[in-house]
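By written order: A, B, C and D. Residues from 1 in each chain.
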Amino acid sequence: MPSATLLGQALISGVLAGGMYGLLALGLSLSWGLLRLVNLSHFALAFLAAYLTYEMGTTYHIDPWWSVLVIVPAMFVIGLLQHWVFDRFKVNELASLLITFSFAVILEVAIQLYWTADYRRFETHYSTLSIKVGAFYIPVLELILCLVAGVLAWGTWLWLRKTYVGKALRASAEDAEIAAAYGVDHKKLAYLLSGLGAAYAGVAGTFIALIATLAPAQIWAWLGVVFAVVIIGRLGNPLGALFAGMLIGASESIAMAVLSPAWAPVVSFSVLIVLLLWDPDWS
Amino acid sequence: MTSAKEALTRRTRWRWAETVFWLAAFGALLLPPGKFLILNEIAILALFALSLDLILGYAGIVSLGHAAFLGVGAYSAGLLAKHVTGDPLAGLALAIGVSTILGFCTSFLVLRGSDLTRLMVTLGVALVLGELANALPQYTGGADGLQGVVMAPLLGRFDFDLFGRTAYAYSLTTLFVLALLARRIVGSPFGLSLSAIRCNQLRARALGVPVGKRLVAAYTLAAAYAGAAGALLAQTTAFVSLDVFDFHRSADVLLVLIIGGAGWLYGGIAGAAAFKLLQDGIASLTPQYWQFWIGLFLVVFVLVGRERLFGGLRKLLVRR
Amino acid sequence: MADLLTVQSLSAGYGRAVVLSDVTFALGEGQALAVLGRNGVGKTTLIDSLIGVTRRFAGSVRFSGKEIATLSPEARAQRGIGWVPQERNVFRSLSVEENLTAVARPGPWTADRVFGLFPRLAERRHHAGSALSGGEQQMLAIGRALATNPKLLLLDEPTEGLAPIIVQEVLAAIARLLREEGLAAIVVEQHARKILPITDRAVILERGRIVHESASAALLADATPLERLLGVTER
Amino acid sequence: MSKGMGAWRRRTFLGGALAGMVAAPAVLRAAPPGKPVRVGGTLSLTGFLAQTAAIHKIAAEIMVEEINGRDGFLGRPIEYVLLDDQSKPDVARSLYEKLITVDKVDLIQGPYATAPILAAMGVAQRYGKIIIQSSMGIPKLQTYDMAFPATPFGPEPDKSYPNVILDAMATLSPAPKSMVVLTSKFPSAQFMAQGMRTEAEKRGVKVPLFLEYEAGNRDFGAIAARVKEANADFLWVGSLGLESNQILEALRKLDYRPKNSFHLYPAPGPLALSPDGNLVWSSTFLEPDEPFMSRPGMKRIAEHYKERATKANLPYPIIDAQAAGMAAQWQILEQGVNGAKSLEDKQIAAWLKKNVVTTVYGPTKFDGPYNHGAPAQLIRQVQNKEWKVVWPKDLAAPGVKLING
């Protein structure tokens, strides 16, 4: 039986690591839930941002906290461009799945072309910092990640709940035609949201550069678990995405500490399947 | 009454183009060796896409994890050949049986909830099965793949030759038989009720169609077909790897079906031929960056060719 | 005085099907028009043509002196056309209050004023749209249209499928809007007698054409056209 | 790297990108006259093993040029027909079949990593082709008698190599008494990890924790907590790629640093450069130092490699055991063909079994079980951000010793 310290430590690092799931799920959940576009290239965009952070950090010695100021707006613009394609060709849900899959493949090749397939590691002194609280250690970088994810998720939630634009978006998501007949300009809002989703991928990318492994094929490594998180957190619900991310992160971590680390990959889908058995209309 | 019957028979009547197509496909067996490898791959992919067509094109269920059944079929056939008997038909039967059971069991999970949750559950089932195969290397060979699959001659007479003529003949015949069967099924009242469900589930229910049961049956049937494709894959390549459960496989077969057009059975076959030939052509031109060109082609294709191809699909997916 | 809405020789429909042909009528500021007719004569198509979701084959629609026939639905809504759809179509995932504020535009009609009109909705302010009864949904649909502060309100069968007591409540509210607030409106209704007392004018549609037009009071006084065209003898 | 250099790289990137994506860059043509001998093979140019293919592709291209610069195969130039197996064994399988039956290559070269090699070996066996490979970590799976290893794993590396590590550990003071074995479930790593546990326990080193994690594991926090709690004297990690960096970082976040740790197949550059990488051990067969540089041709190959790898923008442009494996594959094939004076697979195989071949790994024989010769695994250690061979002592770089962490 694992000790209390081990369990507590596993829980802490799991919840914090889950912040990354939540952050990645955030943008995906918004575009899927509110625009009915399944954006498989979300991960590729995040990795593009991660590689850009890496490049700016290693080649030009720009601190990631500064490069994020350039990368996130750039990703926002990419999101707008991507949405222009969706809008121009009236892309529906299934088509969006296929097109963004192809986008992701193209981006993967492009990343490999410039940065090669070799592993990249952005060494910063942040990566190993941690705070000691009692018997537990709290990694600083993951803590910042979770705070950022929390602020973004909460801010987005408030934005959707409290502002005219947010409510109009939710109304459009439910019934675009009716909302349009009430004067909601769905198109403009959709551009805004697509840009925002890509910008969130940019934020996630900055943290990926600092925390995770950079290799082109890693684009696909997050797909399954983050998709599960998006559904568990309910589509279009930013706070749900974050909490679901933390829940899955914590469950994986506990599974690693108590059972075997090899069980971690099945945790997210087991949770999802149990959830869907319990409530088929979940999401 | 007669007109309804006529309409039914018109749907199932042979067209000359079909005869020409199958004659050409079987005629390819007379080609000199060197093409059977890719022809065999096309036949298997076509069967896999045909199976997806049964649920996507006819029942309107989008699956992101159809590779689950391909994989289960492949491992069943591979393990049978390795441990019990190398008889191809026994393996094919076992694969169909196992994937049918899996399809039936998972159908209840998949058919609960909305289109969106379906995407996730199908994806999840394939991922979990992939993890399971990876977690049991003593049976599946894990990441190294299943070694030592040795096939006995087909029908006890035809050896699997070096150039793959037998393999192609075997895969093509299986494809032919199952396509004929599928043709009968989709033209039958059962198939028509599926189309009705796809167009409007509520109306179909109001007309007394047992929607749930029909969808379970369709999903199970598609699983069986995918299992058969898996068996062909395992047997004609004498090898199975974890890649059979890969997400890329599920995504590729969806693309294949979209290229060929869903909902007319031959779409999968046409798409498989186009996809494989394209892949083969580009990959030999530029081995490192072929994926880029395929990706670009698909984006353009789905965007530009979409209107023609997605007319029927849009109805399935636009949520009301 | 310039008319608020002028429909001139309008032919419209869906896809290739022409449902309305050569429809012409006008509506002044503050006027209420009843659109009567049997099932399937094109009443809803007329409303749909005004909000801009049909295909127009010919004719013009002028609103506040400007041609709007080529505008998108959202642009028409922004110019002041408020719509209460036949199926109500309230946003089920939004709360009652959010249904009102999501589409709100500045003007005298605020959420609070809507709650004043329909006290029932005020009680259910924080409930989701999906939790409302049919009557409440109808009230919400009307309230939602009001929240856009329209110059013209389009009501498509506002009492259909409601319990009699609720019908009274909804009709009373509509009457208040038309009579006291002086809102211009087009009301589609199958049951002429419910709506004639509160409207100024009435048209009767048959097979996509206007076959009768008169003051509402005149129709109430002499029901012969109603009996002839609608086949009803209501009491 | 200066800004000017970055801009230059970007220009070549754009030019190279377009040219590379249209043309067929994989076929190299060469000096000696005559009809070229076509040698086909796949590498994982895309997918999760792609970082290794970049290295092997460069090594192979250098070797093809070298061989053509000499006398080719039997006086004929050679041509390398390279295809992308996408890191998937079943793709490798069909591509080898295609190379043999459709492209009709004269000879084949093995792909990278156990799974694709096994797949390719099955095809080679069916068509009676000789296959040389450099990266199958589980020798006993090489059951085909015309399959040859280019890397001196030895027939039972799961027994021989742990003992090399244990020997080196025994010289530390105090000698480690316990060891945590942590491994990826990647089969060849798992295979070595099991061997490590068995051999360690045989020699009285306790293994209080043996953990397997899934390949592609994302978060090592909980694993690190378990390693810390076990608090053994030595940490053995069956890692691939960046996993070692991630594990060491996760440990440091818990304020824990294992005194000494061994890493099986790490990404050499990132681990050497990481502050956590200082003094860690890893496996190798050679490093660009003496005595290895004195081996015939090694200096030239190492220089070429550095030049090409830098140009290809590889982050670690230094030849190591990985790249050397591919070089050895070609050296073996070259000597086999020219020694047997034949392009016939059977004759080449027969010649290889009877003779000693000289490769960058030194004199190589194929006389043991599964066609393996003697093992020659070494231990290297990060010292001043560079990998140095430290064990066995007689192969250590001049003046370099194993340092206790």
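To be clear about the criterion, contacts are C-beta pairs under 8 Å (C-beta built on N, C-alpha and C of every residue); 3 or more make two chains touch, one makes a residue touch a chain.
Predicted model only: the values in this text are computed from it and were never measured.
Counted as hops between touching chains, the shortest connection from chain B to chain C is 2. More C-beta pairs touch across the A-D interface than across any other pair of chains. Using mean Cα coordinates as chain centres, the one most removed from chain A is C. Centroids of chain A and chain D (each the mean of its C-alpha atoms) stand 35 Å apart. A separation of 76 Å divides the Cα centre of chain C from that of chain D.
Here the spacing of chain A and chain C, counted between their Cα centres, is 44 Å. With touch defined as above, chain C holds no residue shared between interfaces to two or more other chains. Residue positions of chain A with contacts to 2 or more other chains are 108-109, 113, 262, 265.
Across the assembly, chain B contributes 131, 289, 291-292 as residues in contact with two or more other chains.
If each chain is drawn as a node and touching chains are joined, the picture fits none of the line, ring, star or complete shapes. Per the contact rule defined earlier, chains pair up in contact as A-B, A-C, A-D, B-D.
Taken in their complex, chain B has these residues touching chain D: 33-35, 37-38, 41, 131, 134, 137, 142-145, 147, 162-164, 233, 237-241, 243-244, 246, 283-293.
Against chain B, in their complex, chain A makes its touches with residues 32, 36, 38, 85, 89, 91-95, 97-99, 101-103, 105-106, 108-110, 113, 220, 223-224, 227-228, 231, 235, 262, 265-266, 269-270, 272-273, 276-277, 280-283.
On the side of chain D, the complex with chain B involves touching residues 20-26, 45-46, 82-84, 88-91, 93-94, 97-98, 101-102, 114-115, 118-119, 122, 126-127, 138, 141, 185-187, 214-215. By the touch criterion stated above, chain C contacts chain A in their complex at residues 51-53, 72-74, 77-78, 82-83, 85, 89, 91-94, 98-99, 101-105, 144-145, 148. Chain A contributes residues 2-3, 5-6, 9-10, 12-14, 16-17, 58-60, 108-109, 112-121, 123, 127-130, 132, 137, 139, 212-213, 215-218, 221-222, 225, 249, 252-254, 256-257, 260-262, 264-265 to its touches with chain D in the complex.
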